[in-house]
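In what comes next, chain A is part of two complexes: it sits with chain B in the first one and with chain C in the second one.
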Partner chain A sequence: MDKREKDIEKLKDYKYGFSTDIENIRAPKGLNEDVIKFISNIKKEPKWMLDFRLKAFERFKQLKEPNWQKPKYPKIDYQDLYYYSAPKSMNDKPKSLDELDPKLLETYKKLGIPLQEQARLNGIAVDAVFDSVSVATTFKDELTKQGIIFCSMSEAIQKHPDLVKKYLGTVIPTTDHFFATLNSAVFTDGSFVYIPEGIKCPMELSTYFRINASETGQFERTLIIADKGSYVSYLEGCTAPMRDENQLHAANVELIALDDAEIKYSTVQNWYPGDENGKGGIYNFVTKRGLCKGKNSKISWTQVETGSAITWKYPSCILKGDNSIGEFYSIAITNNHQKADTGTKMIHLGKNTKSKIVSKGISAGFSDMTYRGLVDINSKAKNSSNYTQCDSLLMGNKCGAHTVPYIKNKNLDSNIAHEATTSKISEEQLHYCQQRGLNPEEAVGLIVNGFCKEVLQQLPMEFAVEAQKLVGISLEGSVG
Partner chain B sequence: MTEQIKTDFDKIVKTSAFSEKDVEQKKIYLNKFLKTGFPTRKLENWKFSDLSQIIKKSIGELSFYNDYSFSNKVDTSIFVEGLEHNKIVFINGRVEKVDFTHEDHDKIEINSDFKFVNRLEHNNSLLSLNNAFSNKCYKITIKKNYSLKKPLVVYHSTNNKIKSKNINLKLEFQLEQNSSLRLIDLFNDGAENNFINIFYNFDLKENAILKNYKIDKLQNKNIRYSYNNIEQDNNSVSETFVLSSGSNFSKNEINCNLKGEYSSAFVNGIFSLNEGQHHEIRTIINHLVENTKSYQLIKSVLGENSKSAYQGKIFVDSKAQKTDGYQLSKAILLDETSEFNAKPELEIYADDVKCSHGSASGSLDENSIFYLMSRGLSYKQSKELLINGFLLDVVEKITDTEIKNLVKNMIGLKE
Partner chain C sequence: MLKINNLSVNIEDKSILKDFSLNINPGEVHAIMGPNGSGKSTLSNILSGKKGYEISGEVLFENNNLFELETEERAHKGIFLAFQYPLEIPGVNTNIFLKTSLNAIRKAKGEKELDAIEFLKLVKEKARELKFDEEKLNRQLNVGFSGGEKKKNEILQMSMLSPKLSILDETDSGLDIDALKVVSDGVNTLRGKDNSFLIITHYQRLLDYIKPDFVHVLMNGKIIKSGGPELALELEKKGYENFN
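This part shows the complex of A and B:
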């Protein structure tokens, strides 16, 4: 094996595949009312929160698991999972980062997440979620000065119950689909953001999700509210250890933008994708939905999906306010035996609403990728428009790339345009790059990055660089 | 419905001369249909058109029994003028006339007693219904190296003797090597509120050429479902044109299996709808081997309360390298109450392919109207001119000049 091959071999490994040996507190295995009460109790939740969960659970019992998606998976035994797992040291929440379990700090250091104060220079406020609970939130003081609330969901339920009560479940109600309802019943933690009227959040807010314990599902819930005229940019990143079993991740994310507010939500998803034979990996079944509630509001989703054994999610925008804007930029890369069924929904309800969808799918190895999207223009949404572009790139003939757009137009003043192409990297392009001294791997990396550029540009600086690298790594070994 | 359909089935078995084996077979199909009933919107294929609801709303109770013991008089006024052609005439689902006067008789074989062997593993309940109730199936074979001199027109007529009936038709065509067929389906309905269920199967051998034009132009209150299955060998070409305009509800499904290299399939369609009409075209083009090609163009003009849907799927097998697949659907909405739905789908497992689709919908371009009006046309004229130009694009795709002109005359399009 020459040096280059060795390098590739090394890169192929999942960098974040280690697990942290840390003592856990878990809820009893299984899903029933007692477990929900246990979770609610350990988090010292008020009664209305428990009622919210129980109501969702009642509804969950009547729901059937959907199976219309393209990637099929073996049946999940919902009674064979732990619904709550927390590092023991978090039992009495530490007051400051200094009191945090050094093992936890170590973990986040390995992941490259700046939790410690010396990482201040980075200028990103981070909320770190480890298994079921939030372990640390940085830069709190600075944000509080501006009136911005950025904390864990559990803390928000204790300290800002009015806000939580007012908005939780308004975009994803407890009566939603199977996985969203499951989340409503058992969600453990997550981030809560409130940006007061007229405030532009001075820094990027970020949550870092880490699944550590085995046999555990992660169910976090994020709620972001941008009050009138405010702006926030929010990032999330995710990793998990390498394990042979499949782990479930079913999060709910709700965004609410009031009049003239803007929310930018970026995801770099790098859950463990399973090994090259398709063993193990995370099932990423996430519900993300944004509501442009007020006039002139804007919600923009950007996602780079490189991880997970199965990704199944459709970050959506409900454009309710007049003149509101919804955007969706996505890069999804599947390699080996990974599968993805992802896309977006743009639901136009208000007048003069606009939406834009740019989706780039790359499949290699034995993987399978589906773009599935809905553009629905209601009869009242006068003068609205949508532009959709979805391009797929295939590497090899063992993989698949599919496009399933649903287009519904009920308004004569509205325009919808949809374009999709599927192709492979052309021999000419490869030849051109190689002629100029790039090896095939580098050439492919360069071309793919060009293919994704439109989406990468939407990411905040620091993450764009990371994402660009990730795109390269995800495709290593797929050329030939 | 279940009671009705069972009694009707028994009645048919009693009055017809089916062999015991046939009856057994038909019973299996009937039970298969009864298990699922008419398709509902829960099925992905019927997402945009809930047939079960549509039948319930506009027909109510369907009757499945048709008395085929007496013949109907063929009304010659329905025949196309100015075009010499061969004829097959269906009246109320019964074959009344088969006429191939323009052709060499030893080059065409017509088998009126053909047993429709169902090769398709299917979940289509309407095919089960068709198999259970269709009376006779004609198989028409075009022999090697023979091209029909004149087009074949299949007249689908109904008269006012029937109402709230379900009619099932089936035709099987085999085109042997180097043969060609031009086929026009013409719908003339005198009856109202019937559900007409048509299945065609085409088998195209090497170098065969099929051109099928389906013309549903006359306003009528029937519900129509038509399914074309086309199997294609090396170098064969199929061209399907659909003018979807007359019936109250109509769904055309075209399933095309490109099994031979260098075979190609073309599907072009026009929806021109008004007043409460609801039409759909669904295509599935399966590219199964290398070097196959498909092209689809669907355009809609939607007036008051009308709704059109296009579901097009291009499937590319992992063996089918060098596939060229294209799909385009465009719609003009003329009224606040009109609705356009599309689901252009790509399912691709090979990497060296060129596949794309596009879809656009919106209202008539105000700037173009302004341009025309500033040159002296009235608003109405400008609008008509723009719509005609929009649709002409599709008609121009018809490769047979004789039939292209016929279609242009029928829909009043002038160049």
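This part shows the complex of A and C:
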């Protein structure tokens, strides 16, 4: 195969693998106080925000990188990364989508994310984050009428400082752990959502994250607050160009649900997974945590993790309010040399709190998958319950699947159930599907989608279809 | 339509079919009867494309060398196997499976794929004809189905796909008389000048409902006798052991 053919072959595998040639403004390489001040300064942040960052950075200097996870990776040189990269044209803030750099619009069009007016047809409000900055938020006016705030984190810091100050870092403190603390020091942009009391957000809110620049880490920060009796469904999608080096993505996502509020957070993660030999790909080391602060509140995480060279994340719920509910639905797929160590933590603090965990792991090729989950029931969490179901599906005999459940129970009233299965797609099932006219890849796609059904059903319609296709594509080449 | 010439099959040095030959013309119904272990199911596995056998000889389907076609390509060309033990696929809705299968075959044949509405109309019509419980169409494929329901589901799929050659691998085993009737109705409705059948069975009973054109007796991997429907009755009377 000549080089061009190879490139085409590559593109077929990961269709988001293109990069956009855009002039960037970057912070100087490396991590130090000056870089943090540079970021804060370029974003014209108030002093309290800079102090927040510097405090985190002080803490970061004392922290050690954790290494208890199953997937190991070569040492990251934190001084050899860019912590801020933004398209130059964003510097003089475009006031509307019409003023956006056409190249950016083109990029999002290629990704299938319409930012322009046709977005209306889809009825999904989108916030798009390109490298370190948020480039566009759609449907803002409609949402504003109901008092809903949906904007970039940078804008929220400027326009809604009281809300940001009150909630930022309350679920993931600046002192939390290595990657979360790093994020607190250098986070660049992300989405901010506030749903006022009693409001049911009338549309799906969505953010698309795109890493474009090379040698750049992406550290976005998302904060969602659902005030009393409100409801919001939020979707997150991610893609990145194909590069030979590994790129770090260390986001923090904080969710806060007050009394009787509900937040549904869905992720379809399709970062570049590296090539079939395991070269390149994103390190996805993300901290996601939700606080059910008020009584009768509910937070539900749904994730479809198909990309990244290494996925290392545990979207968690702290069930503080009485009668609050936490849910975690996950599909994680690893192929070729991908590795994932993912799961959830359910911390039961309030009375009558309930949690449910449904995890579906699929490993193919030479990949390795670990489900790691914690159910922690506090002594005051009277009458609380957890149900966990972990299913693993293996394809071929060179991949691995591991289940590591941790259960801490300090309460005799509580009820904890854990079920786990490991299975393989049988030759007979494949033969049966093929006899009915499906080729091996269609057959695997169908069987795997059946295996994941419980989780796919949790996704909003628009995403479910996309996710279903993605599940098939991710496993291409894994049969035979 | 189907020409099997001197087919020999081994699995791990064990000889299963020996020098087996059979010719099925369009519109013909052939029944193969034989005791356990005579090689009946191996024959249906080989024809459908299951891997893991050492094969010599030749099988032609409409002048295509069958051994050069993948399992799904054989299905696209019109070969259907009603499985002796239909597979369960958890989480996959029966309707979705039927639609995916039908459209995969239509697409391969260059026909227009059916949309959801066209498909539902067709599947309901076929289900009614075969007295197949429509509620089952919304359940996971074969999960929690009784043995009889699974077999009826195979016949439903057969009538949806209208294959040129249908192979029924002991579809009658374990069926009550009503289910047997459904299976034979399915076959008799599809039967025509272009549709052929290869019916593999232990018992003569099914042949009361489906009148075969030819009956072959298979023993130890070889056809030892061929004849008309009367051969099945003779076999029923004498038993396999005394047949020689």
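Note that the second predicted complex is superposed on the first by the 468 of 480 C-alpha atoms of A that agree within 3 Å, B and C clash if a C-alpha of one lies under 4 Å from a C-alpha of the other, contacts with A are read in each partner's own complex, and residues count from 1 in each chain.
We adopt the following convention: contacts are C-beta pairs under 8 Å (C-beta built on N, C-alpha and C of every residue); 3 or more make two chains touch, one makes a residue touch a chain.
Please read these numbers as outputs of a predicted model, since none were measured by experiment.
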First, second, both or neither for A:421, with chain B first and chain C second: first
Chain B versus chain C as contact partner of A:429, first or second or both or neither: second
If touched residues of chain A are counted for chain B and for chain C, the larger one: B
Which superposed partner A:439 touches (first chain B, second chain C, both, neither): second
Partner chain(s) touched by A:452 [first = chain B, second = chain C, both, neither]: second
First (chain B), second (chain C), both or neither touched by A:465: neither
Chain A residues within the chain B interface of the complex: 68, 379, 392, 394-424
Chain C to chain A touching residues, read off their complex: 48-51, 70-72, 74-76, 80-81, 83, 86-87, 89-92, 96-97, 100-102, 104-105, 108, 140-141, 157, 161
In the complex with chain A, residue positions of chain B that touch it: 44, 318-319, 321, 331, 333-363
Interfacial residue positions of chain A with respect to chain C in the complex: 426-429, 431-440, 442, 446-447, 449-454
